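Each in structure tokens, the structures are laid out below.
Look at the two complexes coming up: chain A is in both, with chain B in one and chain C in the other.
Right, the complex of A and B next:
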């Protein structure tokens, strides 16, 4: 795996190098290694020297498409490495008219699912000195010897439930596709919550949302949160104050999730970036589930041409309230 | 509106905020009035141009500031003054209603109804029904902003 991965990185570097040095694009968005081996952070490559840092490993969970919003202000044309979720995020931005298709070159990277370093630490019992991967297993290198775990068990939550690991949009597919994954039970936690009595459910959310610092990292990471002015920063009417206020935490999270109705691509970046581990995906998935139930199956971001369910209607639509 | 906030006294009365579309439901309320029909004074009507104008944040803000129930009323589907406003709001508010229920609100707290301008009786009936349901449920404390409770 390690050697094959080096080959993969080489393929990716070669492909983007041609376009970057040939002048087709002025910047490539990719990943580079961070301070620790379990971190891969965004790389903004503008030169051949920058490209040397480009990496592709099991920690490239960060969704790069969202960075286009800023980068396209300074660049005519940008190249982006896209996994399955990054490509769906790109389609989302395209549908919101936040990017122009001709300003971007997408390099498709079929994604095997990214690893969660917290889970790796947990499995190893301490911070391992590194990992190796071998056909569906991860070998944790610890002081007390190697420990083998199933790859599935140490993946990020958002990747465990991923159904579309292959990019839905790309100009150039760089590696061989993974094929569609079997849909796991992504709505199961939602269904469990739905089965609770209302007061218990409120207590659950009250506890989870009380941790919210309102740092808005979930919004910053999110490909559907692309408004130039967000409601949380509006002065008049002022929806969100600066003091800690539980009801405003509810306001923020309900409205944030609601703004993703029929638009959330289920990439899980909000939950991954949350510093206090609020299960934000449960809110997003509740809306995905309901929209699918009420107005027909729709998977946001798969097809940029398909009409989002809240932008259209049918005269005979069902309703979640009495229409007598 | 502030009197209804006083929920510690024995004679607690619910506060119901009703957003009514200008063209149908608000006129329906007018008809109820001119026809001398009665409905509980717990309902405070806020006139909006169309049920499609409802931003779900209005509903949540009402709950924050003391509403025990919120009712959105609009024209029957097909009768919208702006052709499609209520078709749009049917989808949006259906998703939103399920979301507030998911957050832990009782289903009765937030309702949507279609009331036309000739349905004064229905207007009075729906307002009465909503008030009775909320009375049975008791005061809403979910999402209440504590700073507003003290402003009585």
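Right, the complex of A and C next:
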């Protein structure tokens, strides 16, 4: 059993209930418990009974904003619970003209960082019967008694280096803000890769990408992958072969990463979704780092009004449009 | 034929077996465990209950060549696919073994049989490994599989008291144990009695489910179930009983190849017709197809549900939409795990 802060859940339920039952929105995207205490899965709530299932705990890692792409086809107006990364994802979709601001109510949830069940199991040495949380620590309930670990140490990778846990866009902020986090190690793996000789770096990616099943979970979970038709599926010309060749795996991952340049909001959903643990954030963060170095600091999704560096044209661009 | 070998002598066994042909076994690859061909220095992980991806690619490779051709002017040379060498697949858990038996029904027990699959299956000696510790996502008990036993394998292996016990179940299995005779000791004094391993029990009501689903193609429950699906192919690729493939041609001026590769009913192009019509236009139709195939179409044709409770979809679906949820939706009361 995962301990839940029932007061917080009550605040969230009350806020969305008013809007849902009052007819301001016809659906709320939130989370409900899955089969296990360490899983919280998407909830599409349309009634008071649905809202009874609504939860907010340390396992709500799934980004809900992406569902708007489909849900806004059937609903005039939808409410979404957004963590820091979910709100940046919403801004991403907004900037890509994939959603309309007036069709959505964002309920802001400052996020303490989500927990990784694999790390919890590892720390406990078995599957704990549940956890409790107390001020930056997680208490693992095991047969052999309780074990306390630092919360930071059992968080999802995607949350460990999160800089903006508070939603940057919201209509109502429901809980108290967390404040900006320091993420000193965010670009460390990228720097290590940059320091490698090219051959070694190629061998590294060759090995990591060799596990790719091309299930496209990274793409489907991604808020910047909102193209109506992905280059992968285009038949004429056929950019992406279906064969499981190293070159085809490189083709997919590199084109995808480049397509996210200046657009990736660093939510880490791609990496969390990968069934074979390919370190996709390293590719994305390399491009985030490059953009910062070439165009000045830019954090995608933080400000929907700020112009993304590669989606902007200026007549006085310092680099010529084409050079011979 | 019963044999035993001390665990510390296993590296010698791997070496000896691979000298005779490719040996595939669970290897720790960074953060995940995958079935891979043994090579010197490989980190073998026999403790992992489930590999991230099932061993189905030993029989149905992710990509497999039918034939290649080379062009020289107007001359065309056809190069047949490489011959499949006899291989050993070591460490298949009982759920995955049951899944291979489900694939056999589709690929071998049909007329005509699928030659490529059949050759690989016949040329592979399967050593099953009983489970000692179930993974938290395992639920094979719901499918009447005993994770501590694997009848039907060429050899059944058990890890017990610092040793690996090996019992041949078929002639192929006996041949394999004979090949490694020098390293193995007589195991007739050992207890091979399968223990009992308890997995998660969702209390799934499977009886009558296929029959019940027959009239529920248009059920409104599908309108709700599919909603969280992202439309990726994780569930199909990590599923040991999913077996769909696509046939592709790859060609250039000097030659080309016809091959098949894994495909997924979760993808839009899977059913896209020439001209653009798609009979399964969205996620709802695709989710329905996948679960109906497991729970209704396959059982109607082959007499059993096409799920073995390996738990990979429970672990790997990025949004926790899995077959248990589908069975719960259509199969009545169940026991929640939290």
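One rule holds for everything that comes next: the second predicted complex is superposed on the first by the 308 of 324 C-alpha atoms of A that agree within 3 Å, B and C clash if a C-alpha of one lies under 4 Å from a C-alpha of the other, contacts with A are read in each partner's own complex, and residues count from 1 in each chain.
The definition used in the following text is that a contact is a pair of C-beta atoms (placed from the backbone, for glycine too) under 8 Å apart; a residue touches a chain by one contact, two chains touch by 3 or more.
Note that the coordinates shown come from a computational prediction; the quantities given were computed from them, not determined experimentally.
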| item | value |
| --- | --- |
| First, second, both or neither for A:220, with chain B first and chain C second | second |
| First, second, both or neither for A:201, with chain B first and chain C second | first |
| First (chain B), second (chain C), both or neither touched by A:95 | neither |
| Which of chain B and chain C A:287 touches, first, second, both or neither | first |
| Touching partner for A:242 - first (chain B), second (chain C), both, neither | second |
| Contacts of A:261 with chain B and chain C, given as first, second, both or neither | first |
| Which of chain B and chain C A:121 touches, first, second, both or neither | second |
| Which of chain B and chain C A:250 touches, first, second, both or neither | first |
| Chain B versus chain C as contact partner of A:193, first or second or both or neither | first |
| Contact residues common to both interfaces of chain A (with chain B and with chain C) | 245 |
| Residues on chain A engaged by chain B in the complex (per definition of touch) | 190, 193-194, 198-206, 231, 239, 245, 247-248, 250-251, 254-255, 257-258, 261-262, 283, 286-287, 290-291, 294-295, 309-310, 313-315, 317-323 |
| Chain B residues within the chain A interface of the complex | 56-57, 60-61, 63-64, 77-78, 84, 87-88, 90-107, 111-114, 142-147 |
| Contact set on chain A toward chain C in their complex | 1-2, 33-37, 39-42, 44, 62, 66-67, 70, 121, 127, 208, 211, 213-217, 219-221, 233, 241-245, 269, 272-273, 275-277 |
| For the chain C and chain A complex, residues of the former touching the latter | 29-32, 34, 52-53, 62-63, 136, 202, 224, 227-228, 230-234, 236-238, 246, 248, 250, 259, 261-264, 267-269, 283, 314, 316, 318-322, 324-325, 336-338 |
